[in-house]
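Chains here go by letter, A, B, C, D, E and F, matching the order in which they are written, and residues are numbered from 1 within each.
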Amino acid sequence: MKLLYIDPVGPEYFTEELKSYLHQIRDTNVEIDITPLTRGPATLEFRYYESLVIPDIIHKIIEAEITGYDGVIIGCFYDPGLYAAREVSKIPIIGPGESSMHIAATLGYKFSIIIGRTKWIPIIMDNVVKYGFKEKLSSFKSLELDILEFQKNAKTYETMLSLSKEAIKKDSAEVIILGCTMQYGFYKKLQEELNAPVIDPVISAFQYAQFMVKLKQKFGWGHSKIGSFQCPDIKEIKRWKIPEQYNLKNIWDNIKEGK
Amino acid sequence: MKLLYIDPVGPEYFTEELKSYLHQIRDTNVEIDITPLTRGPATLEFRYYESLVIPDIIHKIIEAEITGYDGVIIGCFYDPGLYAAREVSKIPIIGPGESSMHIAATLGYKFSIIIGRTKWIPIIMDNVVKYGFKEKLSSFKSLELDILEFQKNAKTYETMLSLSKEAIKKDSAEVIILGCTMQYGFYKKLQEELNAPVIDPVISAFQYAQFMVKLKQKFGWGHSKIGSFQCPDIKEIKRWKIPEQYNLKNIWDNIKEGK
Amino acid sequence: MKLLYIDPVGPEYFTEELKSYLHQIRDTNVEIDITPLTRGPATLEFRYYESLVIPDIIHKIIEAEITGYDGVIIGCFYDPGLYAAREVSKIPIIGPGESSMHIAATLGYKFSIIIGRTKWIPIIMDNVVKYGFKEKLSSFKSLELDILEFQKNAKTYETMLSLSKEAIKKDSAEVIILGCTMQYGFYKKLQEELNAPVIDPVISAFQYAQFMVKLKQKFGWGHSKIGSFQCPDIKEIKRWKIPEQYNLKNIWDNIKEGK
Amino acid sequence: MKLLYIDPVGPEYFTEELKSYLHQIRDTNVEIDITPLTRGPATLEFRYYESLVIPDIIHKIIEAEITGYDGVIIGCFYDPGLYAAREVSKIPIIGPGESSMHIAATLGYKFSIIIGRTKWIPIIMDNVVKYGFKEKLSSFKSLELDILEFQKNAKTYETMLSLSKEAIKKDSAEVIILGCTMQYGFYKKLQEELNAPVIDPVISAFQYAQFMVKLKQKFGWGHSKIGSFQCPDIKEIKRWKIPEQYNLKNIWDNIKEGK
Amino acid sequence: MKLLYIDPVGPEYFTEELKSYLHQIRDTNVEIDITPLTRGPATLEFRYYESLVIPDIIHKIIEAEITGYDGVIIGCFYDPGLYAAREVSKIPIIGPGESSMHIAATLGYKFSIIIGRTKWIPIIMDNVVKYGFKEKLSSFKSLELDILEFQKNAKTYETMLSLSKEAIKKDSAEVIILGCTMQYGFYKKLQEELNAPVIDPVISAFQYAQFMVKLKQKFGWGHSKIGSFQCPDIKEIKRWKIPEQYNLKNIWDNIKEGK
Amino acid sequence: MKLLYIDPVGPEYFTEELKSYLHQIRDTNVEIDITPLTRGPATLEFRYYESLVIPDIIHKIIEAEITGYDGVIIGCFYDPGLYAAREVSKIPIIGPGESSMHIAATLGYKFSIIIGRTKWIPIIMDNVVKYGFKEKLSSFKSLELDILEFQKNAKTYETMLSLSKEAIKKDSAEVIILGCTMQYGFYKKLQEELNAPVIDPVISAFQYAQFMVKLKQKFGWGHSKIGSFQCPDIKEIKRWKIPEQYNLKNIWDNIKEGK
């Protein structure tokens, strides 16, 4: 099984630490490639940044499918472009937000999500509702820290811990989700101290991706193509000169024509 | 008051008929410019197409604000990029979907939306929920016709009429929303025959835009910038070289620095 | 355009200050008349008081329609009799509660409502739910002050300000609604200090009324008369001697017979 | 125990048949008086009619409490004035709508309500939601018959039967509620034929009233007076000259002063 | 009328105090028997304990029906086995949880439930949702005391009182439900001090049982047997040797065969 | 990895066909044991049957944990005893209902569930709501066939096919869930013909079990033990003589004492 993890930021914001973390948590029988976008902002905290990177994410996914990847992870908790990517591709496309919530929903009655800023609440809440987990969410708790500082700031862990305790005590959370891929690596120590599962979204995405790829390959259970994830007609895409207009070279040429 | 109506499709798919309709329904004291994007597909039925056009919509809106427009209408019922655009701009940004639902919610107990294909349901439903109108929606009714045929096909009106009657009779709809800007112009005859209000999304967007611009200018009631629509830091945008990376020229230069 | 603003209290509780405020905020091209009821309590905080004034409100509206008004505002945030009045009249009937919530829902992700006493919560909450905004409401915040003191008490503004700050900080409100028409006039200073839109219900009702009247006159988008707002049969009203029984003189005579 | 059943219609629309039905279904140890209003329409199908009768209902209830009644039933499935009446009185006030839904919710997973016209749906639905039973409602089924014909029309029973069967088969209803007090008397034959409970709203109101009165008298479980049903200050009522303004004579004089 | 109150704990955990309380609150014309199970744990706080006692509860109920009881109360606020018991029996089966919530929902806008430990929240919440009262619940408040200490610990009353006050003040509760049958006896003093109804679940269950039995006997309004509470085919039960396998002797023999 | 699949029926109703199906779909590196209960009915269609088998399921799971199984599947779509079993065990406990809904929710916007009889709707619906998938469910479709005939009746497949087509066309389902473990084996042909994923609950449970066991073993993500799935105190279990009372031999002795 060969997976691609897209870190949807510009190349200069992609860190070796994340790469090495990803390699360290992968299963030995799974081949993983990790890549930033060829351009992009440093973080996706705003919808504006999300909008900028989504087309590049989708086109990278189309290429990934042609190249032979079995599944792709969009490495941001907002799951940017998740549903759009599922329209154009036939392989499983996985987001850390969706994966983490599915896993957390099975592990306890309610979960809380640790975010970086209160600004994120409406964006993630829309996903919580879209995925069906409104009644499973106990609360958002905000670190009020800069994403780019998460891995460097000594306060990150302590703040996560105290917010998690508050979520458990006051909001009846039973599971904690770390609501940003840049919160990777903290889960282990946290869950030992809290005595409750803490979901690392990088790991949950990776594991969910393997799970979905296996279901697809073994049982044919891929994203349904008859409604929400129906693919646009490739003849239409060419007739409308989408590749020329958006500088996509020939990425749509290797996809089988028809709907 | 000076408004911009963006038809978020490629220039060759922009029709003189729409333009003349827009001029015909505008208020005499309102200046309106109408423009397609400089590139784009012919329709936005799929999330993939939406994703492609959203960055261009947002950047056109930034330019519009600099140029002196008082408000902008994103001319597609999916309201593509509506919330992202509200982040980066200080003038009112209006979508036909949101406008039509607000108006319909006041006019009756429940409304039904006439769509082009069942494929649209999940996309529009997510908006219905996001805007808060889940309990106000009685049903979707699908024409199963090609958008580009709406204005040409003799069957359009008859199908709209019979679907609307069914929505009223079986689903207790009291108001009908025409769920695509390309369904413009049919409302008048329909509502006479149905004896119930039929919302034309082009008109509702135009009128709602004028309403919101007035509220902004007279009472300072613009999109709240403290949460969902908070603006990214322009220093950050420049430090990350967003304009260079996305070929945006200097559009961010004329915006006042700071958050 | 000629509007009527009904202040649904007894004549001795109607203040010149409100009248002058209304004139000050109106658009120059709109004619406004402002009137209390011919009898009534000083406030409508209780459902009992609401019940007493609703028939008088409705009959005044019927007269207003005959006299030639284009729309009527029922000047209380509870929107007393709003739906009943829409049954019997063909012109737009507007309530400050409904108007304020529609405007606030467009301006931000969630809104909080500043009320006078916790007693009001169930009454307003029933309206929030009825209008479809349950998910848009972040919280109620109660001044615990006497309505008749709002405009006189030096504490009013300071309490509004601190409750609004709390709503923004703790409940993630992005827009504040002043939940009583007697809270008029405070919005401007509040929104400057809060840096977030604050909806004055007297203004929102006036502006929404103008908007709805225009939609009605220009596009025929009035309250749907096929369900919730269907009009009783006037022949039945006369056969049952409603006018004689309720001392209504001949107000039903000038309405066209039939349903 | 002494109960009052108010038939909220004009005196000429009050029938001996209903009176004799009420006497026939009462418990022998319960004293019941039955009375129409001193004025009123023949039916309350419209919110306008409801508005007209609610003040008279409330004032009759205040008198009933003074006279020594232990509880009052407002004899219309819309439960007109139910919450307002609970504000001003200390004895249990019962509505057929609320009673029937509580009983039905205990007897099966979902219930359907047989109504007279689709016009009633929004009014009753608002009550269904207010009482908390949205998820318990399977459907409304409309007889499309005139209320005044229910007891006379030979088709009433047959239509009820076929609508109930449809509700059970298509909407998974397990209990049927007859959604109008004028549908009294049909339940017995219907439930034998359907083999499922059919709630007669006159009976359910009577029985629920006895139940609530007993709970009040024996355990002090009356309507909570600290929020939704808090009573207005009687000093205020007098200071505002409510009795003089609304021709209420001295009904508020015999109520103990204070809140 | 003859009722059975099952205290679903082991015989040694059944107290004379509860028995004497039950006798003290019963109506004089109602015959009540009270019994523990023949085996069982001391409390049912965990789903595991619930699972253990449910089959014994159901079989005791089948016997009770044969013996001639008119209704049975399952004496635990979790209502263990309530819906399963309603499948196999034709007499009304009552739970303190369901009864208390129905009564509280009529008495005020929202109710809070006083529980023993936060562990109970998910179990009771599932019932709140199942019965349809999600919107009626203001909060859970936890005593954090051992059930077996409720009646002995001097702190019980004081903690109940302060939690109730908090529920009223902070969560807008208007009615308090004591969420465990072992909280019996405290309601009276509490409601005097709070000036709001406090529901004792033992009393509410008893009273609701009498109410439901009367409705069943007088009007045939028993649990609907066409869906959720349909009875398994007794022929099937015997063919599958359920009595032999589960040591039930001949309890199924005296039930009329057929579905 | 070693899993146990409990078929919660009596030994004589356990079929070799199911066993061989289970072996055929398992992963080669996973050891699976399959067992019926030592007693039990042939199906669990009624809550009564569920109640009977749940204690035996839980005790078998406790034994399985001691014996060294890494996870257990409760082989019925009702997921009988799922949450109770998660209280008492530390290994992942999996149900086909929960697994199938999680997988389906990721694969499309809405799913429909094919059931055997309409009787099942309330039981499964309660689980749908409990798991958080109310908004993801498009409809139930009922075969109206005897469970024991599913594998033998020639009509099963054809009925599944036509109900699934109806669910897709009329209810906008994008994924089909076969809502009973005895519907195993039909998914492949169905999904080819429907061109949409069809979830076989036996496979989904098996795959989800492997997924959850891996997450538990590799990342410590097991069922949270701090709320809903908290374990009863084993000292209490022994002090209350649960093993002696319920004939459990010494199964609780090998579990580490303490909570």
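Some notes on this structure:
Throughout what follows, a residue touches a chain if its C-beta (ideal position, glycine included) is under 8 Å from a C-beta of that chain, and two chains touch if they have at least 3 such contacts.
This is a predicted model, so every value here is computed, not measured.
Looking at subunit B and subunit F, the chains that touch each of them are A, D.
Over half of the residue numbers at the interface between copies subunit C and subunit D are found on both sides, making the touching surfaces mostly the same. Note on D-E: its contact pairs, compared by residue number with those of C-E, B-F or A-F, agree for more than half at A-F. Inter-chain spacing, taken between the CA centroids of subunit A and subunit D, is 54 Å.
Per-chain Cα centroids separate subunit A from subunit C by 45 Å.
With centres set at the average Cα position, the gap from subunit E to subunit F is 28 Å. Listed for subunit B are residues 109, 118, 121-122, 129, 172, 227-228, each touching two or more other chains.
Because contacts link the chains in a way that matches no line, ring, star or complete pattern, their graph is best described as other. Applying the touch criterion to all chain pairs gives A-B, A-C, A-E, A-F, B-C, B-D, B-F, C-D, C-E, D-E, D-F, E-F. Taken in their complex, subunit C has these residues touching subunit A: 109, 172. By the touch criterion given at the top, residues 10, 39-42, 45-52, 54-55, 58, 81, 83-84, 87-88, 118-119, 121-123, 126, 129-130, 227-228, 230-232, 236-237, 240, 242, 245-246 of subunit C touch subunit D in their complex.
Those residues of subunit D that touch subunit E in the complex are listed here as 98, 102-103, 105-110, 129, 131-136, 168, 172, 174-175, 187-188, 191, 195-197, 199-200, 203, 207, 211-212, 214-215, 219-229. The part of subunit B that touches subunit F in the complex is made up of residues 118, 121-122, 125.
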